[in-house]
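Encoded as C-alpha cells, the structure appears first; notes follow it.
Order as written gives the chain letters A, B, C and D; numbering starts at 1 within each chain.
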C-alpha cells in the first residue's frame, strides 16, 4: 500500500448525517469522546482508512493478533433529525502534507454522504491543571458560532492563539474551501494528561447539540480514576518528590 | 487539497506591475512592510494560495471563525508608473522542496501579470541590537544593483555571508533563471525581535524606489512600543535579571 | 535510480515456500538469525532490492570494493515440506512512507512465489539485561497464534505495548490486508546490545516450526563472546566506572 | 522549478573523458581539489544543475548579484589520453531520496559523454588532527583497486567502517549497477577543519593517475595558512583556553 486506501465494509444510507471527528490529540479529549460515542451508541463500522502517512506500525490486540494502525468511520442511525458518522483512529498523519491529504479524503467521504455539518473534537492545552469544565469553540462560519453559543460553547477572540493544528483544524479550514460547515469543540485541559473529565464536558455539550442521550458512566469512572492520579501527583509535588518530566505525565492514563 | 492551489477572486488589468513580497522571516521585517502597504494603500486581495507545504493549521479570527493558513496577493492601482502586486502570508513553506514549488507558483503569477520587477523584502539578522537604519540589498542582475544604490540601498560584497534563504532568496534565484528582474531589500535587524523600526527603514527606501507616499504612523507607533520593550530588556540585562532565551525574545511583538 | 528497484539473478521454482524476514532492528536479533540461516543452509541469493528509501550509502568490503546498501532475498530448497525464502539487508527504510512502499514490494514478491506464510523475526527490547530465553509472538490471525503456542512461543495480551514498528510490523499488517499469513517472532532482549543469545532462542523456535536442523555453533560463539562483554560491563557498573551512554552499549558487537 | 533541471551552455565533444567529482563534504577536501583543478586547468563550464533537493538558498556574489545554489560541470580538453569532466557545487542534496535522484542525473550525464571512469573525491574524517598525507581508496571493481595501489592510494579492508555516504558513495554504488567504473579517493583528515593539506595529497595522487600536471601553489598557500590556525588552536588547547566545540572548529577556513 503506497497510497491512502479506503476499505469499505458497509454502505449505509444515512439521513442528513453529522460527522463527529475524534482522532488522537491534546489530552486525547476528542478520541475519548468519539470512542465513547461509538461504544454507547453501538455505532457500526462502515470503513477503514489506511495510509503511508500513518506510522509504520501494527497494534497488538488482546488475543495477540495484530492490526495495522488506521482510522475508522462508524455510522449510527438515529431516531432524531440527524444520523451520525463518527471518525476515530489510532494516529493522525505523521507529516504535514499527509494531514492535507488525509483531511481531503475525510472531506471526500463527508461529501459522499452529504454530511450537513462536521464537529471536530479536541483538547485545548493551557499548560496547567484545569478545574472548570470549559468547552471552547471555533467554526468555519459565523452562523455556527452564534448557534453554538446557545449550547454553552465558549468563544474567545483569537483563541487558541496558536491556531488549531492537525485534522481538527484542517477539517474546518479545508471544509470552508469546499463549502462544508464545520465547528471545533475543544475541551480545556492541562495538555499533560489524558483527560476524561474534559472529555465529559465536551460530550455533554455535543449531546445537547445533537439532541441525543448517552450514558456517561464509563467516562465518569475514568475521570475519577484520573483524579486520584492527579491528587497523587499534587501530593508528590508538594512533598517535592520529583516528577521527572511532562513526558511521564502524558503517559499516564 | 493535495496540491498547491490558487483561489482567484479578482482578475484586474495592471499597468507594468511591480511585485512586492513580504512573507514572514527574520524580524518579520518584510511582513510588517508588506502588510503596512496593503493597509495604507487600500490594496485589494485578488487571490489566495493554499498549499500542503504550509503547516496543517487554521488561524482563529477575532469572531471565532477560522481560516486556513495561506498566502495572499493584493493589487493596488497606482497613478504613477507602476501598479503594485503585494504578496503577504501566514507562513512560508515548511519544507525545502515546498519552497521551490511555491516560488515557482509565485513566478508563474508574476509572469501572468507581466511583472516588471520583484522586490523581495526581508530582515538581515546580525545577532545584536541594531541602532542604525541600514537597508542591505542584493539583486539578480548588476544593473539593478547600480540603480538601487541611488536610493540609499547598501550593497556589501558577499553579504549576507550565509546567502539569502527561503522565498526572498528563491524569487531572485529562480527569477534569474526565468528572466524576471528581482531585488532583495533587507532591513538590518538583531534577528531576535520583531522589528518595526527596521521595517520603517525598508519602507522608506521602497517608497522612494516606487515613487509612492505612504503614511508611516502605524509602523512608528509599533516601533516606539518595541523600543520601550528593548529598553526594558536592556535594564534587565544590566540588572542581571535573566532573560531566559532567544526564543523568548523572538516571541515578543 | 529514483524508484525502488529489484535486480533478479535467479528465478527458482519453489515448493510452498515460507518467507523468513530478518532485517536490522532491536538487538539485531532478526538479522542475526536470518544471516545465520543463509550461511548454515547455504541458501542462494536470488534478488537484490535497492531503494532511495535506504540511506545514500555504500559499504566498503574486505577487498576495498564497495556495494550499495540493499536488501537481499535468498532461496533454500528444502527436502521438507516448505522451501525457504530469507530476506536480509543492511538497512530498513529511513522514512515512514518508505516502510510502506518497501513492505508492499516484499509482499509483491511473496505473492509472486505463492508464499504460504511469513515469519518476521525481531527483538523485543525490555530496557534491562535479560536472563531467560523468551520468544514473544504475534500474528495476523488467531489460528497462527494457537499453532505457534505449541512450539513454545509466548503470547501476551497487548504486548509489545508500543506495537510492532517497521518492516516486521508492516509485513503482518499489510499482509493481513492482502490475505498473506504472517507471524512475528520476537526475542526478548535488553535493546542495548546486539544479542546473539536472544537470536539463538528465536532460531531454536524457528527451526522447530520449520522442521529444519541448523548448526548453532557460530551463534553460540558470538553469544559467549557477548556474555564476556556483558560481564565486564556489569563489573564496571559495580565498580562505578561510568559507562558513558546506551549509545555506546548498542555499539558493541 | 519543481524538478531537477539541467541548463546546458556548451556541448563539447570529449575524448574518452574521466569525470572528477568534488562536491562539498568532510574537510571540503573533494571540493578544494576539484575547484583547484577547474581554476588551474582553465576548464570551461558546460552545464549547471539546479534542484529542489538543494537548500532554498541563493549565494551573494562579490558584486551583490546573487545566484541560486547549484552544481556545475566543467570540461577540460587535454592533450593526454583522457579529457576531463569536473563536477563541483555549492551543496549536496538535503534529503536521502534527493541524493539518489541527483546521482542518477550525474550518471546520466556521465553515460551521455561516454565517461570511462569516475573519480569521486572526498575526505575521510578520523576525529583527530592528522600529520601524514594518506589517501584512502575504494572502488566499484577489484581491477581498479589493484590499479590504484600502483599510484600510492592506500586500501584498508572495510574502511571507512561507516561506509561512504552521499554523492561520492552513490556514484560508486549506483555506477556499479549501471556498469560505470568508479573509484573514491579520500584524503585522511581530522574532519574538524577545512583541510587544504589533505586536498594537496589527494590532488597529487589524482594528477599521477590522470597523467596531468597542475600548479599546487594556491593550495599550498591555503594549507600553510591553515597550519598557522591549527598551531594556534594547539597552543590554546595546551594553555587550556577552551575551544568551545567542534562546531566552531569546523567553521574555520
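Criterion: a residue touches a chain if its C-beta (ideal position, glycine included) is under 8 Å from a C-beta of that chain, and two chains touch if they have at least 3 such contacts.
Please read all numbers here as calculations on a predicted model, not as lab measurements.
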Checklist line | Same or different contact residues where subunit D meets its copy subunit B, judged by the half mark | finding: different
Notebook entry, point to check: From subunit D, which chain is the farthest off, judged by mean CA positions?
Noted result: A
Item checked: When subunit C is superposed on subunit D by its C-alpha atoms, the rotation angle in degrees, nearest 5 -> 90
Next item on the list: Averaging only over C-alpha atoms, locate the centres of subunit A and subunit B and give their separation in whole Å.
Entry: 37
Next item on the list: Using mean C-alpha positions as chain centres, tell me how far subunit A is from subunit D in Å, no decimals.
Entry: 52
Notebook entry, point to check: Which positions in subunit A touch two or more other chains at once?
Noted result: none
Notebook entry, point to check: Chain pairs in touch?
Noted result: A-B, A-C, B-D, C-D
Margin query: Under the stated contact criterion, what part of subunit B meets subunit D in this complex?
Written below: 93, 96-97, 99-101, 103-104, 137-142, 145, 155-161, 163-167, 169-170, 172-174, 176-177, 184
Notebook entry, point to check: What residues on subunit C touch subunit D, complex-wise?
Noted result: 1-2, 7, 50, 52-69, 94-95
